[in-house]
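Two complexes, one shared chain (subunit A), two partners (subunit B, subunit C).
And then the complex of A and B:
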């Protein structure tokens, strides 16, 4: 009965599947390592997942429109580089924060404009901007490491009422993402575009403006994530953000957002990111051989995708059966 | 797409660059740009300038296929010699063979290509010794430690010989310690992975006595974790976690000077770059050179780092 109930919920809310997988993985880890079920470890997991989760929230909107942004790691790098340089030259947090967030939002918007303007696959467009943004950041910094002021560590290490600041930022961005997706026209339009761009255009939805706004939103949250990451690692390094786009996209897909667009949730993407961190956390807690990390990560991802696919097939079969019985009656 | 960009870049380079007809031109093929690589490259440029050589530098951004195309373009431009830091030996070997056929000598720097049939000489760090220096320091610092000694090792890329050798050297260096438990954390040279891995390691094993970072650019991430846990105790005080690293970056220098880290092994980046050009010059002059040329690292602590800042490539100048 309980299983059937959970299955029904999972079929309606796709994020429940990844939530259940996360709980199962957590259960296994709590047996394997006594340290797992501690408050400090939970905090560590959420803090580690904060950067990917924040970026995944923005990516959710993009994938909802059946788009993709490969350049988010480069946006993270270029905005972090800009922040570090501005801090050196102006020593003004306000200016550095402001310009960095505006820059991140603008780079995201530029991606959206290029996707709409050239009507080329978002994958190709953002692959090109990935190269441009990353190159610009390397040029800006001369590939040098730039330490950030110690006070900035508050963003990465600080606590408010005992809660780590990265977790608070994650909660705030999650609430913002859920609100925008479920309570604003932007969210509704994003789903509509993902379901059918042609229908969206035929019903006079502002497809171009919505697409630009969504890529800009992703850029905005990536800028925030960049600042959190910069504060946590203590400085800018030229390798920052390399490959993070794949982790972010994996989190979104694991969270139940369809790559083909139209369906997905913010909370699912956040849980997807936490799930990915959980894998590393578990391997670290078990002091696993460094050579098996990639194998385990890949296998778990594959299993998660297979389970998701299996549940989708079952869901479709159930719907077909329901439809057949309705027709028969 | 990357291949296409690489080909376009190669054509542009061929079109834009005029190789000096009389002087010597070195083709510099770089795997990717980051702080210590730039420091070595600066040494190459400085030595080349001193000798009146031209340098054509191409950067592969970590893409072996792109590096392959770039080396082909350097050959097409008729460079006199190639200095290469390879992304991946197997992928570029074909291009290196083409260089050999064109009579262009190849010298590898920073990353050796031990199985290459083309590379005439290598100059770079002796990572085994660098790791051993850090290990011996750690062993001395923990000589009086009682009970099991838990050491976190932040490993570099698992397919990078320098990272592997630093790890092996470190283990040789701590061989005198007994009852050691090494907690390996793979980082792939990424500080965000070093950060999360260190955090997890301290969750699983709170009584960690030491951290060894394959690159000292990870030390600020270790500092973040220790700050989170309220365990950031300066060197020499009760409860201090012994921290060492290899590289010689500003991060390492600052960490040692602030008392967060104990010691760091500084690579001779400028000497590596200058030696690379010197090897090229000697090969072009028909001299026989050593196949392997190591530039030894040096361990510094807070006691001598500031006085030797000029020798530490990452120290503020």
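And then the complex of A and C:
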């Protein structure tokens, strides 16, 4: 009875499945390790998940419209590079923050504009801009590692009222994301475009403007994530953001958002990112080789899509059976 | 005009070749062309696999790290046994195991190609790094090192291997039932099903094929680089996909050909080589490459076929 009830909720609210998986994994880890169930470990996990979670919130919107953004890792790197460079040349936090966030948002918007203006798929478009953005950022910094001022560390390691700042930023962006998705026209339109771009166009929704706005939003939150990451790392490093796009997409998919668009939640993506960190955490507790992480992550992702597919097939079979019995009577 | 419509990439290739020959006297020399051909054999073989997957309407993100995994496994086998033939077989087998995994999940269990191959990409990468402990595999047989430098009839041996693969793929796509079935599944899977094509089996075979190409590419990478390197495939994905779409094969399926991909690989090869000769730093090359991939793909859609790419 309880199981059936849970399954019903999970099938209606896609994020419940990943939440339950996260709780189960957390339970296992707390049995394995006595330090797991401590406040400081929870905080550490959330801080570790903050960058990918924040980026996953932006990616959720893009995948909702049946798009994809491979360039987010490059935008993350551009943000970090630009900020570090501006701090060195101007020493003004206000200017550095303002310019980097505007730049990240514009790069996202550029992705959106290219996607709607030219009939090239989002995958190819953002694959191309990934290369362009990354190249431009390395050009800007001359391929050097640049440290950031010590006070900047507050954004990554500081606390307000005992809560680490990255967690507060994550909570703020999550609330913003949930608000935009559920309470604004942008969110409703994004879902509509993902369900059927043609019907969205035929009902005169501003498909172009919504698409640009969504890619810009993703750029904006990636900019914020970039600043958090830069603060945590303590300076610009050449490896920042390489391969992170796949982790972010994995978090969104684990969170129950459909790659084909139309259905998904912000909270699911955040939990998905936390789940991925929990896996790392568990492997770390088991002293596993760091090279095994990729294998486990890939297997988990495969399992998640397989389970999702299986439940979809079963749902459809149940629906068909219902229909058949209706016709028979 | 028809030629240009089918092969829009030819325009770019000619422009680049003429431009670089004018800018650098060394560009059109035999030595440089030889080096350029040898360095791109791996990408060409992998791109052939990706093309066939694209033609069937799918995508294989795992091919880049399958190259790494099969290179590492092959390198380990060769270091242990000293047998090059066994190494080649291992590379092929590893590639085909990953291809079969993708094919079963996508073809028979109807999982989305993008996420499935993204997951197997991670798994293959993990396998490559775990098996090699993250460093280049030592003990490559001398024959492999010599093989990397062999030149037959003025063309590097590695390129000849790649060209044989290309010709076989061209024949398979153009002259066999399988090739026609792949095109049909790519352009309209439903119609293919109704006309009696076993769509899951064809889908499976396509990923098996690209896995095999990843395996061969991995083996060739050992000869090319002198060692089996676990990170060899990590940076290749952009170039492989870029070459396929630049050639004019769309991601929507059913539109394009292996021949076009050869041109796409040619464009990126000439570009990288020419920019290197001109002393352009790698980060500026990234910018130019990105712009070219986007503009080239757009041109292929705009002036070539009438399908979305």
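We take it that the second predicted complex is superposed on the first by the 319 of 329 C-alpha atoms of A that agree within 3 Å, B and C clash if a C-alpha of one lies under 4 Å from a C-alpha of the other, contacts with A are read in each partner's own complex, and residues count from 1 in each chain.
We adopt the following convention: a residue touches a chain if its C-beta (ideal position, glycine included) is under 8 Å from a C-beta of that chain, and two chains touch if they have at least 3 such contacts.
Here the structure is a predicted model, which is why all the values come from computation and not from measurement.
Q: Consider subunit A as the common anchor and indicate whether subunit B and subunit C clash or fit when overlaid.
A: clash
Q: In the superposed arrangement, does A:27 touch subunit B (first), subunit C (second), both or neither?
A: So A:27 meets neither subunit B nor subunit C here.
Q: Could you look at A:295 and tell me whether it touches subunit B, subunit C, both or neither (first, second, both, neither)?
A: Second partner only.
Q: On the A-aligned overlay, A:138 touches which partner chain: subunit B = first, subunit C = second, or both, or neither?
A: A:138 contacts both subunit B and subunit C.
Q: Looking at A:119, would you say it contacts subunit B, subunit C, both, or neither? Reply first, second, both or neither.
A: A:119: touches subunit C, not subunit B.
Q: In the superposed arrangement, does A:127 touch subunit B (first), subunit C (second), both or neither?
A: both
Q: Name the contact category of A:41: first (subunit B only), second (subunit C only), both, or neither.
A: In the superposition, A:41 touches subunit B alone.
Q: Looking at 73-81, 145-153, 181-189 or 199-207, which bit of subunit C clashes with subunit B?
A: Only 145-153 shows clashing C-alpha atoms.
Q: Go through subunit A and flag every residue that touches subunit B in one model and subunit C in the other.
A: In the superposed arrangement, which is not itself an observed complex, subunit A uses residues 124, 127-128, 131, 134, 138, 143, 243, 289, 291, 293 for both subunit B and subunit C.
Q: Under the definition above, what is the set of subunit C residues touching subunit A in their complex?
A: These residues of subunit C touch subunit A: 59, 105, 109-112, 114-116, 118-123, 125-127, 129-130, 133-134, 234, 238, 241-242, 245, 251, 281-291, 293-294, 297-298, 301-302, 308-309.
Q: Spell out the residues on subunit A that touch subunit B in their complex, using ranges where they run on.
A: Per the stated touch rule, the residues are 33, 35, 38, 40-41, 44, 47-48, 51, 124, 127-128, 131, 134, 138, 142-145, 147, 153, 156-157, 164, 229, 232-235, 237-240, 242-244, 277, 280-281, 284-287, 289-291, 293.
Q: Could you list, by residue number, the parts of subunit A that touch subunit C in their complex?
A: So the residues of subunit A in touch with subunit C come to 68, 114, 118-121, 123-125, 127-136, 138-139, 143, 243, 246, 249-250, 253, 259-260, 289, 291-299, 301-302, 305-306, 309.
Q: Can you tell me which positions in subunit B touch subunit A when the two form their complex?
A: Residues in contact with subunit A: 1, 5, 33-35, 37-38, 61-62, 155, 158, 183-186, 189-192, 194-197, 199-201, 203-205, 217, 220-221, 223-224, 227-228, 249-251, 254, 314.
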